[in-house]
Each structure stands twice: as structure tokens, then as C-alpha cells.
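Next up, some structures in C-alpha cells.
Okay, so subunit A shows up in both of these, paired with subunit B first and subunit C after.
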Partner chain A sequence: MSNFSLKPRRTMIVLLLLAGHLGLLALLHMRSDINLFEYFNILLLAANLVIGVILIFGRRNLLIGGGLMFLIAAHALLGQRLAPDSLTSGALLMVNILILYVGVQIYSNLPLTHFYLFVASYLALFGIFILLMENAEALFLLFLMGLAATARSPRLLAYFWTLTLSFTLCQPYPWEALFIFWFILTVLFDARGKQRSTLSLVFLGVGLTLVFLMLLPVLILLFGEDLHNIELILREARVQEAIIRTLWTATAATGVLALFCIPLGYAISRLRFRGRTLLLSLIDIPIVIPQSVAGIMLVRVFGRQQVLGDLFQQTFGIPIDGTVIGILLAQIFVAMPFFLKSALAAFDAVPEELEVAARTLGAPPRGEFSRVALPLAGRGLFLGAILAWARAAGEFGAVLFIAASPETAPIAVHNRFNAVGLFETTPLVALLLLFSLVMFFLLQFVARTLMSSQGRTA
Partner chain B sequence: MPEWLKPILESLENHIETASANIKLLDQALSGMEGSYVELLTILALGLLAVIPVLVPSRRRQALRHLNQIFGIAIFIFVVYTCLGVFGMIRNFHRGLNEIGRENIVALYYCSVPVTVLVMSMIFGPTFCGWICPTGALQEFAGMIFGRWHRCRKAEGYPFSWKMLAMTILIALVFLGWMGYLSVTRVFFIEDASIYWSEVLILLLLLLVWKMGTWDKRLRKLRVLSFFIIVAAAIASLRITSPVHFGFSKVYDPASLLATVMVVLAALTVPHIWCRYLCPWREAIAWAAKHSVRSLKTDHEKCNQCGVCDMVCGVDAIQKGVIDPHECHMCLKCVDACPQKAIAVKDKWKAES
Partner chain C sequence: MSAIIKMKKLTLRLGEFVLGPVSLQLGQGDYLVLLGPSGCGKTSLLNSIAGVYPVSQGMLALEGADSSRTPPHRRGIGYVSQTPNLFPHLNVRDNIRFGLAYLDLPEGEIEAQFDRIVALLGVGHLLAQSVSTLSGGEARRVALARSMVIRPRLLLLDEPLSMLDPNARVQMLDTLFMLHQETGTTTIHVTHDREEAWAMDEQCAVMLRGRIVQQGSVEELFRNPNSSTVALFLGGTNVFPATFRTESGQTMAELGWMQAELSDPFAEEEGYVLIRPEAIVFAKSQGEADFIGKVKRVSGRGAFSIVEVEVATGINVTIHMPYEQAFRIIPGDQLPLRLSLPLHAIKE
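Let's turn to the complex of A and B:
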């Protein structure tokens, strides 16, 4: 006890804090704003006394200890105003102590700007949840904990703030907003390359924002629909039939396209002839013209009492329009350019020298095609087939005119919308969306991983 | 069934039925808590418990840790019992997030446990697993019984052993027998998912008997799978319950009791089996704690590769001083056991990037 001495500055600060706590508490008690003898208030006062004694006689960190005392005093005096009851106030105090700890660590370990960022974040959260929103102390608690966890790195803080914004500002659609925000943030933080500069990052951010604005309806339907409703829709026989019909017609249409477009693509890719450019432009016609126009054109030619339609009915005994054959025809018509162009690109990418080499080694023309060009172009052809399949399955306009009555899935959506309205249709739409996206990504995955490894071995 | 067993089983069944007369069905328990302050107590209690590992003196740390685990069990029984174990925690988190902006108190009520745990993991490391988690505590206490035998097996690199096979078959028999009994007496509800999880546990055990030495690391990937199963179930609002929600969630139905018994029995043969291979919440905590401020660091200058830390670690997260942070439970056994004092808890506030 010989070298025991009180440090005057330390003692002064602690006593000042204690006196402030006790004095203001007594004052508020006299004005009967606070009941001094409530259990919670006595507890806080006792806690502050204990910390004060430890601080005066011990060698603990004054910054943390003083801050702790200040926090406790502030909660004892103001807690009743901000929080609905003492337990909430106590929980808030605990979380604030965590914040204090994190704040002191950031202050002493990280650059000062980071500390200011932290304080600004805290004040912003206080503004949003206590001042702006009613009855949101509970959320304030939750988000303060989030801030404490993420404050030490700017990147984590950015993620945290987008989370906060999605769940407060973007309220009906928080998950969709969160998905978009986090995707954009991840891309921005991860972007690498020689041209990486602020400008290119801004370009990336702005562009992605537009892309996601366009994709928002997709996300909202995907996240927002109740799975139970989707299940109910899936149980309906009519919907099941429509989906199955769509599946097999699109597959058949793709098969027919493959039968014709792969040889044609190969021929156009390898041969040069007059009118080749014209042919290449003509391929695009189904893309260029509106779908309804395509439908009317098909009806004009293949419909009942029309030139080819009549002939077909007389030969085979069934009409084209209003049957599955009509659906197939329309799907083939609109999907053809996608398949043909992909086939062309795929065969163009196969070096002609390889085929020449195969021929010099004695391969017949058939082997040259089936054992050299076809395997090497396989991945491109498969991707083209996926595109054509998706286009055929999703075709609405042309199919509506030529064969509205055996329903395909898009037509079923249309009919349902006309019959019962928007809100009864969204589960069906969500189902189709889910279905097509899963199919599409699955096939893409197959093409990109499995086929590429096969291409390497070939 | 032998005659003498019947009255015992019947009295047991009667007992369970009277105990479950005031069962809170899962759905009721999830929604009937308005006006209570359970969530705030949760934050207080879990927060305090998470700070304790930071504050305890290194002397007698492991004894204090076990005390803390017992506190954790008590807190989960008396305060946060509606969290329904780890699965319920994930499902409630999803629900609670959806309540933000609608019913803020309900949101806090559902989110308080998972948010507290994840936040504490992001700052203080995965201390929840080693110091608080009642499921982990239960397994650890069960594993202590065969502690010496486990250490021998580990030292030999987990070879096939008849002892283990016998134990696994015994456990499987207990499981099958009880399940058969339950299905005969029709107390067993087929929709109680905890049964399926304990079946998975049994299959895992049989697998581990043969191949634990080589498949240990690979099988741990199963946790990711179970995490996504639970998340998908939460989104589809399916009712999936975890094995150890009996007692901790006051759901007194025999199926969950059976599942809890299963986890304890399985932990006798493979220490921390639930945490190692199946716990989805462990996976979430490992992700949250990936860049935690507080972590264990080995001073490789001091380390003489004696392998003491390998022996004490319950989850095989350390190999000759090299720590796998994705598996570490922050129980600090290795810190206390290291004869060279080479492993230490370090705070790192500067972010890596």
C-alpha cells in the first residue's frame, strides 16, 4: 500500500460522471419523471458505482470505463423516454456497450476516417429507427448489432447498409432488393482487370442497376409468390396438360430444326455461292417481324381453306390450324433463326484445315462431317438447341393465331388472365418462370461444364 | 414383447402422455409469444455468455467453460426455448426477417437469437459452438465418458474397430427398437422430422465405423447440404425439427426425445458427431466467423509439433498447430493444453483486404 495514490484527473472524471448520474436522477425523481426507487434504476446506479470504484482504484482503460459509465447514466436518465420499458432499455444498454467496445477498438486501431464512418452509421441508424419510424426500438436493437459486427471493414459495412436499406426503404420487396444490391456490391468489390478505374466501376454499377431494374419483375415473381399457391396450380389437370404439351412440342420442334438446320448450317458455312448474303439476311425474318404478323401469315398459308392447309387436310385428313401440328409449325417458324445462326457460328468456329487434314488422311466426306466437324461444333450446336427450345416453348403470338385451342403454357397464361384476372394468374406465371429458369440454367450448366470437357478430349 | 416389459412401457407412455398434455405444438409456440420479453432476455443472456469467454482467466478455463455450457443449457431451456433448436433458429430467422417493417416486436423476437449468435461470431469468433450451444454441450458431456478411448482411436488415425462397430449396432438397435415400439403404440408421428435426422446419423455412424480416417473431411461437407435443406424448408414453411429440440424447446413428444437420445448415444462413439457432419447452424457460424476479429493464432516459431493439441481437440480442427478456422469451435482447449504456449487468442481489427 506504500505506492498507492489516486490520480486526480481520473478521479475527477469518474466523480463528475457519478455526480451527474445521481444528481440528474434525483432531479428527474423530484419532477416525478422517473421513479428513483425502481429496481432497474437502482441496478444501473449500483453498476455505475461499482465501475466508478474500479476505475478510481484500478488501472483499467479510462476511455472504455468512462464511456461505460456515461452510457449507463444516459440510459438511466433517457432510457424511459426512448424505450417502452426497462427491459428493452436494458437490452439497448447491452447492445450499446457492444457498440462502445467496437467503437473504442476502431478508434484506437483503424484510421480516423473509418471511425467517423462508424459514428455516422450509428447516428443514421438512430435517425432511421428512433426518430423517423414509430415503435421501431426492436429493429434499432437488431440493426445496431449488425453494425457492431460489420463496422470494422468498409466492405462489410457496405453490405450491412444495403441490407438496412432493403429492409426499410424497399419494404414490400426486401429480398429482391437485397439480392440486387448484394450482387452489384459483390461485382463491384470483386471487379479486376487492367482497366479497373473509378470510371469503369461507375459504368459497371450504373449498367447493372438498369439490368436489375429490368429483371426486377422476374425477381419479384420468383421471391414473392407463395409456394402453396404454386403447388395448388400445379395440381390442376389443365395446367399440367398445357405444360406437358409445351414440353413435347418444343422438343419436337427443336428436333425437326436440328434435322434441317445442322446440315444447312454446315453447308452455308463451308460453301460460297451467289446470294449467300441475301440468304443470311433472310434467315433473320422471323426475328424481325412481329409475332402476330407471323401468326397471321401462317394462317393465311396453312389455315383452313387456304392453299397449303387445304392440300394437307385432303392428304392426311387433319387440319393444320387448331391442332398440335399448327403449334409445331409456329414454333419451328419462330425458333429457326436461333438454331440456324448458332449452327452457322459453331461450324464457322471449326477450322477448315482440320477437315482438310482428315481428308488427306483418307476420311470420306461423311466421316469428315460426322467425326471432325460435328463433335467440335457440338457445344455451340447444343447451346443453339437450348436457345431454340426456349424460344419455341415460350412462343405466344404466332401460336395464338394458328392453334389457340390445344393450350400450350403461354396460351394457358393468356386464357387464365382473361378469365380470372391478374392475381389468380401470378402463381401460374411464377411456376412457369421457375420452371423455365431452372431448365435454362440446368441446360446451360450441362453445356458449359460437361460439353466443354468433352470438347477438350475430342 | 416380454410380459414384464409391458407395464413399464405402459407407465412410461402414460407419463409421457400426461407430460405432453400441455404440449405446445410447434406452430402455436411460434406465434403465441406476444407481449413477452423473451427476446430481450435472450439478447442479454447470450450477449453476456458470449462475452464471458473473453473475460475468463486462463487458469481453470475449461472448468469455467463447462459451467458456461451448463448455463447455456439452462438459458435455452428457460429463456429461449421457442427457438426449437438449430433448425427452428434458421426458420425463425427467415420468419423474423419477413416481419421487419410489419410487426417489429415479432421480428426482434424471432431474430434475436440468430442475430446475436451470428454477430458474436463475427466479432469474437465461433465461441457459441464451444461455450454456449446446448447441443454441443450435451455431446461433449456424453463424449467425456469414453474420452480416453476416443483419444487412442484418434491417435491411430480412426481405423476400423470391432468395439466401435458393436457400439454402433447397439445404438442402431436401441433406435430401431424404440421406433418400432412407438409405431406400434401409435405415439410416433411420421411427420416428425427429427426421426429422419437421427436415421441419417445412424447411417453416418455405420459409414464412419469403416472409413472415418479417410472420409472425415469429405463428410463434413454434408453440413452445407443440411444448411440448404433447412433454408429451403424455411422458405417453403415446412415443418422440420432438429434432433435436439426436445427439452431445449419444451416439445415433449416421444419422437424428439428419441432423437435427442440418439444424438447423445452417437456422440459416445464419435465425439461431436452432430457438429462435425450435420449441424447446419455450425456451417452458418463458420461462415460468419470466417474473418472474425478474434481468432486463434499459432506461433510456429514456438511450436515443436508435439501433437498435444491434436489430441485434445474434440472436432479435429487442429493438426500439429495448424488450425482449420472452418472447423474450430473456439473452446480454447488447445490453448490451455499447449506445453509451449504457442497458440494464443489474437485480436485483429484491421481487415485483410
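Let's turn to the complex of A and C:
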């Protein structure tokens, strides 16, 4: 490392440092009340002198040597003011030497941006733990060591920072915040594609942040609730009944929808007729109108003393409103667009040429539908059924008006909240949340993995 | 024995496009190559024969019975479209077996038929595979097997060689030959590629703008195109307007830059002549030359070269000559040229 042209400058820098040290030593020595701590500092400064001499004649790494001299001197002077006791001050010096070493390594081996990130991180940590928080020197040391360990890779550094921010600024939900941050980071770093640019990554990051702000309540409720409370709630007969009723009514509603929406979806997908566009937009009506409005409309038509409601009661002996028939009706009404639109999209995705091929091979329309269109649309139909099922099971507004009892799960939450308030309701909410999520992911998993082997397209 | 398929003034309206009227008749075991440029209505014609498009007017009879209203699955026609359209949810075996469920034959015969077609088309080693793993040529073979296994009385092939690499094209041509020899299935083979028609060397019909304009053997079409549009489509780039003069049974054509005898007497006064690019050769001397051409461009095509010469302002003649004769020619040369065959006249 004996670069000859550097020699005069190098010697000058070290001489300046040495002069400074001598000045400091003289300053300390002149003071009359020297304690043990200051003697230690004098020793340190003397050691530094030796380092300086070695730097001049030994041609060691100027950055490390010079930095070391500077650090030791600074700690000798400021250590007492920064740290509460000499032990912490010593530890701080050791960690700073580590930081110095890592910084020099990054400066000489990696792109400059890494070095700037490193320095900025150091300053930010200093700001958070020394300036913002009181008595946090020990934490500062801990996180500095984390910084030293992760600074070589921007990716690790990003993970380190999310950890730091989660546990300092995101109290009292550090684990939830950490989970969200790490998920976003992982997605961002894993994102691939021809259009992978800073812009598209920023779009992704911003979008994911919003998505997770919406997911945060879910996470907090799921992680925050005591399992014991959930178990207690689950043992209540009323809750059990409501859940079971929800399960079977939603399933029955999905079955009815399948019976109508699969044929209708196929027909709309394959036929062109006047009013087709109008029909396609009419499908969306149940999504557009408020659920309470939907509920009252249903009551107006199918309720007691209304034309169709009375007709039904006279024919079958039971009324629609206030019974499971009403629940089913409301669920079918709100879930219909989800099933029908999925069916439509699923059949649209089946090329008509394949059906033509089936016809020319001798298949009558029935065979063509059951052997080509239905199997190829199967996965999309199943996904549509899952969506419709979830929508039906979760329906509250419309059900409330036409059949507030017998209770379904969403109505049970509402009744409990009105009767006993927020904190008594959260275990039930957590339970339902857990239940719906498990159900939804399970069905999605079935649709995406098990059925994908069958619906593989060329 | 009546014709397998008979079309009489068949017309098809598809929005703006009108196909036909088309009249066509094929007997048992015939193989017809339907040749036409892209967009001339070849595929629409196949679709209406298969029953995918309804016939607007005219008659379509299959084995003597009017079939213009028969739904596609009762027509007994095998239709291999331009894309193989294999069923992605079924493997190769189940794709080929798809139509067998609707075949009214004893079990043993169905299996025998399946085995025979699979062996003929050489797809036995693919049976267990998923169709997404097949190459273009393999997928085409499987689609062919799927249509042949139902013993169609008529096989429709839409561009069976398109999008295949040169080796796969040669193999597919051999397969089509062999398949026709072995099964004797009446076939309509649609293509836009005249080389493909030459290679099949069967009956050929030329279709232009929704109509069949000429039908005959490939040789006949090649030698005797009945109009300048057919001649141009079939690759005769040298089609020129001419006036004719007949004296004592011999017709002379006057092209302005050349006078030449016709092969046969020709009654009209005005029309066109077709000069085959390979029927022009070097003249030994200026006196023997029919015309002089100034070379504009020489390009190689393997064994022969294409030489483009200007014979008068704005009039270019294309000549095909053996490579060893053409390689010394450079643009700007003045070549004495003569015709090695008499000219052929076309009315319109």
C-alpha cells in the first residue's frame, strides 16, 4: 500500500492529529483535579500517539488508523458527557471502532451509495436513540451492532430499518407492523418483470401500504385476542347455532346460484342478442345499491301482507321474512353478481373453436357443454362459487331487514355489540374472522393448486 | 354411386362479405386442393361445409342427401382447423378418443379403428402426454388423428402445413399422401401456398374473392390459366397485354416490344399473353433474338437464379435460369433473349 505520491499528504494529516493529541494531553495535565477516569483518557491519548507514529512509518491503512485516532480522542473528551458511566462509554468506543471498520470496508469495496446509506443510518440511529429517546444508550449500542451486521447489503439494511422503526415508532403494535413491513419489503425485493423500474416498484410499495393499512385491524384482532376468550365464546350455544346456520344457508344459497348462474353465464357468453349489454350492466345492480335498501326492497315484495310474501305463505305454510327462507333470499340477492360475473368470465375464457371442434367430432350440444365448456370453465366457476359463498355468509344489511332472527353470525355480532359493547364483542369478532379467513384460504388453495392440474391450458 | 359432396350455387353471407355462389362436386376418394389467397373465403367455405356457418342460399348435399340444415355433429365430417384446437384438459389419448363416444360401432371395431389411426399417424408414443407438451407438428398430427378416428366421410383440412418448420412440412405432406392412400377418405385441402398445391399434385381448384374461378389438375392450371388474375396468382409474373392477328391458322401476338407465335390459334383480337419465366433462354446471336432485355436485378434461389430484365420503359420480364448461366450476369448487361416455347394467350 506504499503509494509514494500520497506520502507528503499522509504525513501531514498524521502530524496534525499528533499535534492535536499533544495539545489535549497538555490541557488534561494542566488541570489540577485529575481523577481515575481522566488518567485512563490520558493513557488512551498516549496510545493514540503510538498509532500515529506507526501510521507515519508503517504505512498502515490511513482511513482506519486516522479514524481510530479521531474516535479515541473524541471519546476521551466527550465520553463522559455522552455516556452515563465509564463502562457504557468504553462499550460505545468499542462499538464505534467496529462501525469505523465496517464503514471503511464499505467505503473501499462497495459503491459509494452504500457508504452514504451507512452514514445516514448511523446518524438516524443517533438521532432516534440519543436525541429523541432518553437514557437509551444501551439500545443505541444494540442497534449499532445490528447496523454493523447488516450495512453491507441495502436489502438487509432495509429489513434492519423496518425492525428499528417497528420497535420504536410503531408502538404498541410492533409485531404487526414488523410483519407488514417485512412482507412489503420481500415483495418489493422479489418483484421481477420486464417493466421493473423504480417507478413500478414505488407504485407497488405505495399500493401495498394501503392494502396493509386495511389489513392492520385484521392482524391486530387476530393477534391481540386471547385464545381462551375465543374458546369461551365458541362454547356458547347461541354462537354455535348462528355459525352453523350461516354455514348451511350460505352453502344452500351458493347451490341455488350455481343452478341458475352457470347456465345463464354460458348462454350470455355464447349468444349475441339485443339488450345483452343492458343485461350485463343490470347484473351489477345488487353491488351498486346499499344493502339496507336491498333489504327493504325485499321486505316490500316478500314480506308479510305483501303480494308475493302472502302467496308464498299460503302455498307453503311458512312466511319468508323472519325465517331461513328470508335469509336465503337476501344472500342469493347480494351474492348473485359475484357468481354470474365469474361464470361469464370463465366461459368467455373457453375458446369457442374448441367447442366447434367438439361438434365436428360428433358431440351434440349437451356433450359439447359437459365435456368441453364445463371442465375448462370449472376452475373459474369454483372461484366464483367461493366468492359468492363468502359474500352470502358475510351478508348483514339485507338479512337484518328481512330476517333479523333466526340469527346468522354477522347478525349475532351486531346484537352482541348492541347488548354488551365493544370489548365483550371482540372475542366473537376474532373467532368469526379466524373462521372466515381459514375457510377462504382453504377454498382458494383448493381452487388454485388442486384444480390447476386439471384446467391447464396449452 | 352419388357424389360424397355436392354444392350447387352455395352462397354464404357474413356481414359485408359474400361467399359464392360456389358449385363443387367430389366423388368417393377424391382429393381436392383448394388454393386461394388469404381472405378469399376458403375457411368460410370449409366452415359452411362443416355446418359451423349456416348456408344462406343454394344446395349442399352429402352422399345425395340435402344437408344444408344438418347440425355439425350429424354431418360425419372430419374438420382439422388451422390451429389444432386440442382440448387442453385432456391428454393426447383422450383427445383422440373424444369422438369415439358418439360412434355407432361395436366396441372391438372402435378399438381397432383407434389403434389403426394411431399407428398410421405415428402418435403412439405421445398418447399419455399432456397436449401442452406437443410440438407444432405433433399437435397437428394428433388433431388429424382425432378427426380421422371417427371415420369421416369427408375430411376438411384448413392449411395443414401452416406454421410448421420446413422439415415438419415435408413430413406432414408425406403423412397426408399416405393417409389418403391408406384410407381413401375424400378430402378438401385448403391452402394459400401454391408450392403446397404443386407438391400434392392432385385435383386443384383456385378460389379468388369468394368464388371458384378454375378447377382442374395442377398441370392444367399451371399451363392453361383461364384468366390473367389466375395466372398472376399462380405465380406467372410475366402477364402482358397483347393484340392478336390470325393468318392461315397461325396466330401471331404483338406485344409492342416483341412479336411471337402462339401455341394454338386464338380467335380474339385483344387479350393477354403469359410467358413462363423458365421458357426464356439466351439467344445465340442478335439475329436469333426475339427481344433484348437490360438486366436490372439478379437474385439467387438455390439451383436457379431469378433475372429481372427491362424490355421497354416500365415493362419488366422475369426469367428463371440455371445458376451456372446466370452467375456472370450483372445489372446493366444487354441480353439477347428468345422464347423456348410458344406463347399462351388468355382472354381476360
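By our rule, the second predicted complex is superposed on the first by the 303 of 458 C-alpha atoms of A that agree within 3 Å, B and C clash if a C-alpha of one lies under 4 Å from a C-alpha of the other, contacts with A are read in each partner's own complex, and residues count from 1 in each chain.
Operating definition for what follows: a residue touches a chain if its C-beta (ideal position, glycine included) is under 8 Å from a C-beta of that chain, and two chains touch if they have at least 3 such contacts.
Note that this is a predicted model, so its numbers are computed, not measured.
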First (subunit B), second (subunit C), both or neither touched by A:Pro410
neither
Tell me the contact category for A:Pro319 with respect to subunit B and subunit C: first, second, both or neither.
neither
Is A:Val372 touching anything from subunit B or subunit C once the two structures are fitted on A? First, second, both or neither.
second
Tell me which partner A:Ala136 touches in the superposition: subunit B (first), subunit C (second), both or neither.
first
I'd like to know which partner A:Ser153 touches here: subunit B for first, subunit C for second, both or neither.
first
Which of subunit B and subunit C A:Glu353 touches, first, second, both or neither
second
Which of the two partners, first being subunit B and second being subunit C, lies in contact with A:Pro174: first, second, both, or neither?
first
Of subunit B and subunit C, which one contacts the greater number of residues in subunit A?
B
Identify the residues of subunit A that lie in both the subunit B contact region and the subunit C contact region.
none
Within their complex, state which residues of subunit B touch subunit A.
37, 39-41, 43-44, 47-48, 97, 100-101, 104-105, 107-108, 111-112, 115-116, 118-119, 122-123, 235-237, 288, 291, 293, 347, 349-351, 353
Touching subunit B in the complex: which residues of subunit A?
85, 87-88, 90-91, 94-95, 98, 102, 105-106, 109-110, 135-139, 141-142, 145-146, 148-150, 152-156, 167-168, 171, 174, 227
List of subunit A residues in touch with subunit C within their complex
351, 353-354, 356-364, 367-368, 371-372, 375-376, 454-458
Of subunit C, residues touching subunit A in the complex:
50-52, 71-73, 75-79, 81, 83, 85-89, 98-99, 101-103, 130-132, 146-147, 150
